[in-house]
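Across the two complexes that follow, chain A remains constant while its partner is chain B and subsequently chain C.
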Partner chain A sequence: MTGVALSRWTMSYFVAALISLIVAECLMVAGFGYPAAPIEAPETLVLVHIVTIGWLSLLMCGALFQFVPVLIARPLYNNTLPLPTLGCLLAGLFALLLSFLQIAGIVPSHPACFVAAAALLAAGFGLTLFNLGRTLWAARPLPLPARFVVVALLSLGATVVLGIIFTLVLGGIATVPHLLNVTALGLPIHVIAGLGGWLTFSAIGVSYRLLAMFMLAPELEGPTTRAAFYCGTGALGVAILGGFAAVCASGNVIMIVSAGGILGLAGIACYGRDVLHLYRARKRRVIELNSRMAGVALGNLVATLVVSIGLLIAGVFGKHVGVVVFLIAFGWLTNLGLAKLYKIVAFLTWLECYGPVLGKTPTPRVQDLVVENRANKWFVLFTVAVWCAAASLMLGAPLPFRLSAGVMLLATVGIIKQLLRTRRLANVQPTLRLPKGVRPPHLLYCWVQPT
Partner chain B sequence: MTTFVDVDVRPTLRAGGEPFGEIMQAIGTLKPGEGLRLLATFKPTPLFHVLGSKGFSYVAKELDGGDWEVLFSPSAPEQAAPAPQETPTTATPDQSNWPEPVQHLDNRDLDPPEPMVRILAATESMNNGEVLSALLCREPLFLLPELAKRGHGWRGGFETDGKTYKILVRIGGAQGAAA
Partner chain C sequence: MTDEEATEFSGRIREALRMVIDPELGYNIVDLGLVYDVAVEDGGVVRIAMTTTTRGCPATDYLKSGSRDAAWSVPAVEFVDVALTYDPPWTPDMMTPDAKQHLGIG
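After this line comes the complex of A and B, so read on.
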């Protein structure tokens, strides 16, 4: 065992992801897509995929290239492959967005765009699955948090396969009746596999380890963690495989997905109990901003579930499904992502710059790379804006939604400014900033020393 | 078909003892093609790495009552052959070569990455060949590449409580081995 090196291209993923988040928020402010356009409109698809592929998936891929090795105490299979992977994903996303704009009639129609989108995204996510899959395969038997990531990666595979089918059918390239049927009925499975399986399950797996690590809490692998894993995996299995079978047999997809939802609720309840235990059993009494804001994100996840159950009971879930998706994407995943990013960027930058000279010369602490007081207000503002935006969506008020999105944009810019200051060591006292032997960090990649 | 030699270290572990020597001794007496069936009170993850570097693959299974059975099978013969120069042929003689630690650190309650900072700071003030001992609350994954770059040897593993990770660092002795 040789420990874990820095992931060379993770910072590039983070930069691309944050740019996508800004673009998505600008579109929301401009009133592009839902709620100004219907939820199934091509404009909404543009917005949704900038958020889910451009922001959340790139963020998660970048984080996994660094933290899967931490989960399994083994190096990444290939530290160079993430760069061409990122190229494929960005090019594929661009082609996909152009394809949606063709459907909307905003740009001239060109079927090759759909094929390119399908091929490039398949290549990008395929390379991600290959690299992380080979890394995980070498570490069997896997610890529990890594098994969450395995299920998340399988869900990513399902999401991408469905997405490719949809793209080829919408582009008029695939005309097999069976695939048309999948496209007509498969959307709930695509959404659940993507948001629930890929993004939420990997966030849960990584958060078990990161929360324990950053709050000095004991690692959990007990019965509730196992129950969370098995319930969650069962829920995804029922929703994705059962849902797919229902589509093929022209059965009731919604019924199957709802059955998975009940198992999923049980899984999230177990996860919630574990997280509460982690916060209570922590040795670090005063927790940092990232752990506080992760707590807010987890609260948002619970609130989203409560809202969803309320909507189901009231029989209006279908009408307000956009609010639920918005809350999962922004209240839960984006809040958690930004909170963890705030810590991860500081930690990786510190390790990259000062690791080689630790003990040889005075160096700053990780916390000297950030100024939490400055970042705190932006995080609070972002959270409040997300709540206001969700309430506006619920009330069917487009203008307050756009105003709230504007505040989200402002807060995101504020957080990104803090992340840039961290990466550039701008918060570190000048006397400590660049001791002899320390090279200033590059924005887009980590300089990995040969061992 | 691999035949397995049984080694039950549960009594040693329950008595608070350290079974590493016992296991390595058993490994040393295996005939070609033989494997080891280890019974322990916890999943001996660090051992997987040690025996993996000696050419053994493993299958771990949790038994009723929380004990673990691990079957270590010899992989391809060339992998089990004497390892590269820097790897000791057996861990036992190498272990006896390491002097008693001159410094002890208990870093279990420190916020990360302070444990790493303190260990690296301590190594800078020590002389070649001296050994540092440190207790941690998790595997120091980001420390190990740094020790390797600086040419220090290290050996580490979880204590029998499964929560405390003990690492020994030998200054200038770049002969990494996990135990």
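After this line comes the complex of A and C, so read on.
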């Protein structure tokens, strides 16, 4: 094999991620955590981490194991390691959730749980960083999209280190005054490094390449792309390193983080300009559902920024920070994630099933594995439900929020049903579906057939 | 082999390569312009130079081995060498007018 292979366990990450998303939506429907409980309540922490670790981080890790090799045209350092990594992450998440439930007094207290959560999540994310880091290191000098991923991975490191400190402090295991100080003041850094650095920056890097690839647009490496990279990296540097320094010196963390925010806005403006350029310069006139919905997700990101600036000017940002986090997690990252998932699952399934028989027998196209008309309505419903849920949060209306979450749940189930149909080749014409030598794909992993 | 025989032989190989599609664009690699050269030599030796739409595309190995298998299926072929090249890089302008129209590419 000379080129990039299929990532064997990416599909397992996607399945675990989607289950987490469903669980989180069920909890929102049930009224568990924010907005029924305060934003800092342990119940909210449960919900937040099912979404950020269980759904978004697992989705991103699975996607990166497949797409970092594509970005740098080199194979993944180790294609077996992602399975034990997933085991650590899932066990760690479970322990972390149990720890939060102990703080809430819902389950009996057991300090070992906090230690287990910290150790397992450190191991899981550590293995991810090691595997992707070794892969990227071997490919220096890196193309621009891959450099976005490097910064994202460094931010993940920062998020996890802070998360571990918080966990050990909350569990009463770490009692060093300095760490107590970090826990008291460091939360904004943890949130920005996680949502902004890790999840948003990697999504931006990968989307540069995927949008160009799927719309046949020229690859961008020009001044605006570099500006997006440097502004974004600068923003994260200021917010994370500067914020950390401020915590240590007991300075004003919020001031530093806001300074980073301004640089971040400039970076996102450059990214937005680039994406508009990609859509305009595309050679493919009719664009696929995934690229359309990625556009909607980006629109949501811009809308979130506008809302945030409005809240800041009105002096009520602190009161509505939950709405902003919700919009980033669902309007931007989840919308983008589901849209790209719809494409990636079809693409990986095609490679797995039909790649090995290419040239030997007629094969369907990737697009034959999906029926966009059926999926379209669920994506639209999801987006509208997210807007309604955000509006309900803003207006402080818990019941409409739960109803909207119910519609999000329904739309997610609709999208997952379409993903299952793709994975089962149910949309492919029967005459082309299973030519000789093709085995039906497994739901949980990619069977990498020899070429 | 005379020049005519060589042209006819490489024509049959190009025809066979139409079985190989680019999965993403859903069109055969010959009309997409991904096959840069099909050179035939005495003794049924075939040398194919081809590319992919994007570097690092995970389908690369399959496209290469698919092309090899498709060329193999042509009678009188004894040896196939498929070389991957990104010089020059592929652009959508390399497609045939039919392929462009099929994909709605302007």
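Rule of thumb we're sticking to: the second predicted complex is superposed on the first by the 448 of 451 C-alpha atoms of A that agree within 3 Å, B and C clash if a C-alpha of one lies under 4 Å from a C-alpha of the other, contacts with A are read in each partner's own complex, and residues count from 1 in each chain.
In the analysis below, a residue touches a chain if its C-beta (ideal position, glycine included) is under 8 Å from a C-beta of that chain, and two chains touch if they have at least 3 such contacts.
Since the structure is predicted, the reported quantities are computational estimates derived from the model, not experimental observations.
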* Fit-or-clash call for chain B and chain C when the two complexes are aligned on chain A -> clash
* Asked: So, A:Pro141: does it touch chain B (first), chain C (second), both, or neither?
  -> first
* To do: Tell me which partner A:Val286 touches in the superposition: chain B (first), chain C (second), both or neither.
  => second
* Could you figure out whether chain B or chain C reaches more residues of chain A? => C
* Asked: After superposition on the shared chain, which partner residues are touched by A:Trp350: those of chain B (first), chain C (second), both, or neither?
  -> both
* Could you tell me if A:Lys319 is touching chain B, chain C, both of them or neither one (first, second, both, neither)? => neither
* Just chain B (first), just chain C (second), both, or neither: which does A:Leu216 touch? -> both
* Mind working out whether A:Val70 is in touch with chain B, chain C, both or neither, as first, second, both or neither? => both
* Of the stretches 21-29, 75-83 or 147-155, which one in chain B hits chain C? -> 147-155
* To do: Could you give the residue numbers on chain A that contact chain B in one complex and chain C in the other?
  => 1-5, 69-70, 73, 213-214, 216, 283-284, 347, 350-351, 355-356, 358-360, 363, 365-366, 451
* Hey, which residues of chain A end up touching chain B in the complex? -> 1-5, 69-70, 73, 141, 213-214, 216, 218-219, 283-284, 347, 350-351, 355-356, 358-360, 363, 365-366, 449, 451
* Structure fact -> Listed in rising order, chain A residues that touch chain C in their complex are 1-6, 66, 69-74, 212-214, 216, 283-286, 347, 350-351, 354-356, 358-363, 365-368, 451
* To do: Going by the contact rule at the top, pick out the chain B residues touching chain A in the complex.
  => 46, 49, 60, 109, 111-114, 116-117, 120-124, 137-146, 148-149, 163, 176, 178
* Using the touch rule from the top, collect the residues of chain C that touch chain A in their complex. => 17, 19-21, 23-26, 53-70, 73, 84, 92, 103-106
